[in-house]
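Naming follows writing order (A, B, C and D), and every chain is counted from residue 1.
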């Protein structure tokens, strides 16, 4: 990371999926050091917006931009995407799963064991991921964000399947990321108590705009 | 000593010994690894549910 | 079913721990006697010459390829009818051993066939049946390896094993019919001539030795499998308790 | 460890562990080859003549049927999204996944083929030639098949469709593979000509497969 990220913004983003307009003329701005919390009803386009920032969906109009960051890399390459799916292989152990993403994603940060300790899974390192409960799988997936350094975190319903203690631990880790100058865009239907946050509400009007 | 077809006889016995030895070694190595893993788990203080219940039955 | 007598896997582990060394010694002694007779005493066949020596391993392998399947079928029955936990362990552990012995029956038969018939392989009814049996073993192993949960794997492979038992006579019959229709002359008949006692005794001793070897390997593999399942259960407890 | 070598190691681990099915392809190959004599009869001369073709068809079917989960498993667990966002070029990711798949599934086919050739009563020269053509040709089948696997990644019943899409594309590989193998035993025809074309097809598909596969995967998310 040559320079730290300052601001992530989208201008007049419009996106269609399956012939339906999901996002229409949407603009947003997220500053480093604070979380942009995206709320809205089911189908309002929260997940779509995150997938759009992650480069997994392409807008029909509008553009995304990033101030700061590494000019050599694209925006998705500087993002950690924490979606609904855990990207875990049940046949591999906890340690092997995390170790793979650490080696594959590049620019290593914490070691596998440090990250596992951070999410409270250090004792289960040698266990096959198949034996984990839903909450443990979720925490292991989250540990992926800690093993490699990427400034932008895209969190889609990050606290689903987590109990209160794990949720608190996750929020603490996200808080540390923000303190370190990181940028977070979180989609949620729950109130997430981040220290510094802006909010973006996707209303049904966005859907009807089609 | 086995006549003109010694090669075939030796090959037959050779492959038989080879396969049986490989099978045997595989089972022994697998057994060692299972016992090692069991010892590790026990050292970490993990207990079996059935062990707990059988003690409970006796009590 | 003798397995019913010691339903408890822990008791099974204790019992086999005492029995196995003795069984291994008996197996080794039987092999020593059998091999001595085969190498130094047994005569050469007047038609097949010294290659008849291959018979002393080929026939036991062929016998065990079937014996092992019968063991699996019995265990499969135990799994489905009595739901006995050791029955699945027995069935699962017999499969790779059975596949290995069936492979050896095919390989030694091929090495015997080359000097006798001039070809490594013919699609003779008996050989083809053994090949089909070999494929069935591999299919069972593949099924067991694909299903991760041992209880589900045991049920599925027990059903397949028993379907196999029902099918074996049909396969045998159809293969006989298929081959005799096309090529009756090249069929090699092993049981055609009566075997002299000087050959029969070493053969029986070798067959006993290999059967004992199967028992030793099977019991060892079963012990491993019991431990493997214990480890699996303990890991699940560990995962559940690590919140 | 670099990203791509980590990927190769992980793919090999997945293929060889429980449920990975690395040897399932070889088993399928064995069954296809065993079933043929039941259809055409146990005439050893006939089997020797059609042997190379049967081995090639068996290898082709075994390769294609084992490819359907190549990308689908990653898509189902969300890993594909992360791969698409990664810094590693997607073309190289596809290439590595194909190489790992070939090592786990294709190489056992090549190793098993001399044994199966014995069932087909083939001559030693024909066995050697067929094994050699399979060694050169099966990677091509994997790379071409990967295009189909990438195209059908989001479909529930992709397996059969994959075979339908890819089989026509494998025709050239089949033609030159089988003709090289039979040329080795039939005197007037040279072995080297079809064999070098087969090798060229292998190299060409090694380039085409990853590029087309990566393009298909990029559009699968939309």
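Following the convention adopted for this analysis, a contact is a pair of C-beta atoms (placed from the backbone, for glycine too) under 8 Å apart; a residue touches a chain by one contact, two chains touch by 3 or more.
Because the structure is predicted, anything quoted here is derived from the model rather than measured.
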{"item": "Chains touching both subunit B and subunit D", "value": "C"}
{"item": "A-C or B-C - the one linked by more C-beta pairs in contact", "value": "B-C"}
{"item": "Chain at maximum distance from subunit D, centres defined as averaged CA atoms", "value": "A"}
{"item": "Most central chain, Cα average position", "value": "D"}
{"item": "Centroid spacing, where centroids are CA-atom means, of subunit B and subunit C in whole angstrom", "value": "16"}
{"item": "Inter-chain centre distance, subunit A versus subunit B - centres from mean C-alpha coordinates, in Å", "value": "46"}
{"item": "Where subunit A and subunit C are represented by their mean Cα positions, the distance between them in whole Å", "value": "54"}
{"item": "Inter-centroid spacing, subunit D versus subunit A (mean Cα positions, whole Å)", "value": "37"}
{"item": "Per-residue multi-chain contacts in subunit A, two or more chains", "value": "123"}
{"item": "Touching two or more other chains - residue numbers and ranges from subunit C", "value": "148, 235, 238"}
{"item": "Of all residues in subunit B, the ones touching two or more other chains", "value": "44"}
{"item": "Set of all touching chain pairs, with the criterion as stated earlier", "value": "A-C, A-D, B-C, C-D"}
{"item": "Footprint of subunit A on subunit D - complex, ascending", "value": "1-3, 5-7, 9-10, 13-14, 17-20, 73, 76-79, 81-88, 221-222"}
{"item": "Residue ranges of subunit C in contact with subunit B within the complex", "value": "44, 49-51, 53-54, 57-58, 61, 96-97, 100, 103-104, 107-108, 111-112, 114-115, 213, 217, 220-221, 223-224, 227-228, 230-231, 233-235, 237-238, 241"}
{"item": "Sites on subunit A touched by subunit D in the complex", "value": "51, 54-58, 73, 76-77, 79, 81, 83-89, 91-92, 96, 99-101, 103-106, 144"}
{"item": "Contact footprint of subunit C on subunit A as seen in their complex", "value": "90, 121, 123-124, 127-128, 130-133, 135-136, 163"}
{"item": "Residues of subunit D that touch subunit C when the two form their complex", "value": "18-19, 21, 23-24, 27, 30-31, 34, 37-38, 41-44, 47, 118-119, 121"}
